[in-house]
C-alpha cells in the first residue's frame, strides 16, 4: 500500500498561519502519532489532507501521486478515509446504514439499475450487507445494527464512525481524536483494533490529545504547536523534549 | 429622455437597495434566507396606511410603519428562526418556516384590506416637480434618494464603527467563538432582525407613497428582485447589494423604454443564472461564503 | 301544554295546506371566486345574484310559491376546487344550473366539465371559447367583440383620433383579449397602436412608461387594467408629464367607484365603457341600486349589477322551462332568452343566435368625480 | 355508491396528480437539493403535451413521453449551474427559474397562448392512467430507497461534508436529483394538461410551488409514504372544514411553520422514525440486560 507524505505544507487564513511548513510521513502498516495542545493546527492538517481546505504552500503526496489539489470526494477514491473530531454520523440512519454508506466508493451497480431495482443491485446490496455485518462483528457492534445511530452511547458512536471510515477500504486512515471522552479501558479496546488495522498494511495517522494512548501505540510521534512542528521521533524521546514540555505544560514548568 | 429614464431607474434602484439590504443583512449574520422579508415590507406599508387613515400625521405613520415592521421581524426571529437555530441544520428549515410566515402575513393583509388596492389619501405628501436641463424630478423622488443615502450611511457607520457592529461581524463569522468572547448572540440576532425589518418597513412606506399602491401582494415582486440583487451582489455583501440594486433599477427602466414588451423580466433572471454559473459568490464576493463542499 | 301542541299542529297543518301541491324549489349553484385573485369580481357578482334571488322569491316571481334555492360556493380561482365542486353538485339532480365560475381558465375548465356532465352553466367571463366548448356552457358578460366597438367607435368617431398607445395587463386573459380587440378596431379604421406596454397585476412603478409616453407621440392612450391599478397608471402618466390634452380611455374594468376614489383629479375626463351606469340608468336600475345600498351599505358596482342580471336570466329560463324543469329544459330555455329586464347596458338582456349576450354598453366619462354618460 | 364515487372522483384524480408532483419535489429534497423547481418542470411538461396534442395531433402517450423528456432535459440543464452550489443558492435560483418559466409562458404568445393559455384540450387521461403513473413513480422511489443511490441521497441530505468525505459526489448526485425531479415533474405536467382541459401560466406560479412544498414538508422528505401522507392530509383538510378551504394560504403557512419546528421530519417520516426509535429502545434495553446477565 502507498504511504502518505506531507512536504512543507502551510495554510494561512488571511494573515493568520494555522499550519506552517509541516512535513511528515504516514508509512504503510504503522500508526503514526500527531499530538499537540488545543489550537495547534492538528485538525487543519486533517482538513488539508482530505480536500476540505486549499493549501497555501507545499505538497501532499500519496504513493507518487500529488493529491494536494483534488476535492474531498476524489481524496476518498484515492484511498484516504477520515473520522471527525466531533462525531458526525447520519443521525436518522441506522448503524448498519451508516456503515453501508462507507462502501459507497466500491459500489459498481449503475444508477439506472438502481432506479429500476434490477437484480444486479440487489445482488450487490446483499454482498455489501454481508461485508458490513462482518465489519460490525469485528468492532463488536453486531447487536446494534438496526438501531438509529443518533441515539447510541458516545463510545458506540465513535465506533460507528470508525467502521464507516474503514468500510471505504482506505490505504491511509486519519483518526481525529478517536478516543476523546473515553476511559482507558474503552480506549485500549480500540487500540487493539487499530493495531489490527495497521497489521493488515493500512497506514494510520492518529491525531490525539491523550498522550498516554499515543505513546502506547505509535512508534513515531510528531508534535505540533501553534501550527509548527516542534518535535518528531520515537515517543519516549519526543516526550522528553523540553520544547514539547513547554508547549504542553506552559513556560513556568520547564 | 435617456437621462430622465436614468433618474427613474436610480430611484427604483434606491428603493430596491433599501429592501435588499435588510434581506442580505440577515443572511450575512445568520446564513439563513428570510423569505418573509416581502411580507414584512408589505406590513410596514399597511401599518403606515392604516395609521394615516385613522388621523395620524404622515411622518408619524411612517415611523410607526418602520418600527412595526421591525417588531414583526423580531417576532419572526423569536417564533420561527430561533427554535430552528437551536436544533442546528436550519438552512432548509428556515426557508420553509419563512415561506410559512410570509403566507400568514399575506393572508392577514388580504383579509384586512378585503383584497383591495389601498392608497395613501390625496395630499399625504405634497406633489411638486422641479425642472432642470429638461428633466422632471419630484420632491418625493428627491426625498427617497436622500432617505436611502442617509439610511445607508447610518447602517455602514453602525456596522463598521460601533461596538454593536463589531459584535454583528463577530457573530457572522463564528457564533460560538463570539459567544466565548462575551458577545450576546441572541441580542445580536434581535438587533439584526429589527434593523432588517425596519429597513423593509420604510421601503414599504416609500414605495406605497410614491407608486400610489399598497396591497397584500406588493412584497412578491420586490422579493424576486431581491433574489437577483443578492445573487449579483453576493449574498451578505452590503456594497454588493447597493450596487446591484441600482444596476437592476436602471436596467429595468431602460429595458421598459427600449426593449420589446415583456423581455425585461427574462433578461433580469437570465442574468441571475449567468452570474451563478460563473461567479457563484457574486460580483462582489459576498461574505466569504463558499458555494458547496470543497477546498476553500 | 296540550294546547300549545295543538296550536303548533294546527299551524303546521295550515302551512302544509296553504302550500300548493306543486310548490317547488329550484336549486342554482352560485360558484364564484370569493377569495383569491379574482375575488374582486366574484364577490360582487355573488352579492348581486343573491340579492336578485331574494327579490325573486319575495315577489313570488316564479309563481305558485315556487322559489329559487341558491347554493353559494367559493372556488378561490383554483381549478381543483372548481372541478370538484361542480362535479359534486351536479351529482345532485335537484341542481338545475351553475352560475360561475368567475374568470380565466377556471371558467374554461368549468365549461368543459359542464358539457361533460350536461348541466347548464353560465360563466361570468366573456371568453368565446366557453361557447365553443359545447351547448351547455354560456357566458354572462358580453365578449370583447361586442363591447370594445362601443369605445372604439367613440375613439374614432367622436374623439376623432386613431393612433393610440396601449398599456395593459399581460397576465390576465380577459384584459389581453380586450386590449387586442381595441387595437384591431383601430387598425380596421386606419389607425394603429403606437406602442404596447405590458404590465403585471402586481406592478406599481410606471415611471419608466410615463417618461416614455411623455416623450413619444400618440393621439390617445388606452389603459387596460383593473380600476385601482388603472387609476394609479393614469396618475403616474400625468405626473410623468404626459400631455394633459391627450385623451385617456379604458374599458369596463374602470367602471368601478374605486377608479375615482383612487384616481381623484388625475382621472377626470377619462373615457370608459360600463355595463352599469352607477346609480342606475332607469327606474329598474335605480331600484336595484337602492336595494343593494340598503343591504350592503355600499353602492352597487359593475360586478354586482352584472351578477344581478345573471340571476334574473337563469330565473327567466327556469320559468320558461315550465313545471318540473329539467336541465335539458333549462338549457333550451336559456338559448331562447330574450329581453329579460336587467340593470346593465341598455336594460334588456338577450342571447343571439350564437348564444352571445347582447344587453349593450354605455360609454361613460369621469366628470366632477362621477361617472356620467359621455356625449 | 357509484354516484358517490363519481362525485368525489375529481378529488381522487387531483390527489394522484398532486402526489406525482410531490414525488418530484421529494426526490430533490431527499438528496439535500433545496429545489422548488417542480412547478417549472410541471409547467414545461404541461405546455409540451398540450401543444403536441392540440396543434399537431400527436397521440397522448407520445405527448406525455415528450413532456417527461422535456422535464428531464431541463432538469439536467438546471443542474449544470446549480448542482455544485450551496442550498440557499439552489433555493433562490430555482425560485427564479419558476419565475422565468412563467414570464416566458406569458411572453411567448405565439407558442403558449400568453395569458389565455391553451384551452379546449381534450381530456385524454383518466384515473387508471394516473394510477399507473403514480405507481411507476412510487416504484422508482422505492427502488432508490433500496439502492446505493438512495443511501447516497440520504447521506447528502443529512450531512453534505460527511457524504463528500465518503466519496459521494455532491455534483453528480445533485445533478441526478435535478434530473429525476425534472422527469417526474414533466411527466405529471403532461398528464395534468391532458386532464384539466385548459392550462395557463398563472397556475404554475408561487401558489403551486407552496402547495407542493407544503405537502412534502408535512409528509416527509425521506420515505415512500411521506408524499402520500402529505397530499392526503392537504386534500382532506378542505373537505373536513370549509373554513380551512377558504383560508388555504393561511392554513398552509401555519402547517409549514408548525411542522418544520415541531415535527421536522414530517408526519410520515416522523411516525416511521418514532416507531423505529421505540423498537430500538426496547432492543437497547434487552442488550443491556443480556450483558448484565453475563458477568
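To keep things simple, chains are lettered A, B, C and D as they appear, and every chain counts its residues starting from 1.
Keep in mind that, in the parts below, a residue touches a chain if its C-beta (ideal position, glycine included) is under 8 Å from a C-beta of that chain, and two chains touch if they have at least 3 such contacts.
Here the structure is a predicted model, which means the values were calculated and not measured.
With steps allowed only between chains in touch, the distance from chain B over to chain C comes to 1. A count of C-beta contacts for the chain pairs B-D and C-D puts B-D on top. Put simply, the C-alpha centre of chain B and that of chain D have 30 angstrom between them.
One finds 38 Å separating the Cα centroids of chain C and chain D.
In terms of their C-alpha centroids, the spacing between chain A and chain B amounts to 45 Å.
Chain A and chain C have centres, each the mean of its CA atoms, that are 73 Å apart.
Shown for chain A are the residues that touch two or more other chains, namely 52, 71-72. The residues of chain C that reach two or more other chains are 35, 170, 198, listed in rising order. Residue positions of chain D with contacts to 2 or more other chains are 106-107, 161, 164, 170, 247. Of all the residues in chain D, the ones that touch chain A in their complex are 139-140, 142-144, 146-152, 154-155, 158-159, 161-170, 176, 180, 222, 265, 273, 276-277, 280-281, 283-284, 287.
Across the complex, chain D is touched by residues 34-35, 37, 74, 76, 78-81, 83-84, 87-88, 91, 104-105, 108-109, 112-113, 116, 127, 129, 132-133, 169-173, 175-177, 198 of chain C.
For chain D in complex with chain C, the touching residues are 3, 6-11, 14, 106-107, 114-117, 119-120, 123, 196-203, 238, 245-248.
Chain D makes touch with chain B in their complex at residues 29, 34, 80-82, 84-89, 91-93, 95-97, 99-100, 103-104, 106-107, 160-161, 164, 170, 206, 210, 213, 217, 247, 249-250, 252-257, 260-261, 264.
Against chain D, the residues of chain A that register as touching in their complex are 50, 52, 71-73, 75-77, 81-82, 84, 88-94, 97, 100-102, 104-105, 107, 109, 111, 113-117, 121-122, 124-125, 143-144, 146-148, 151, 164, 168.
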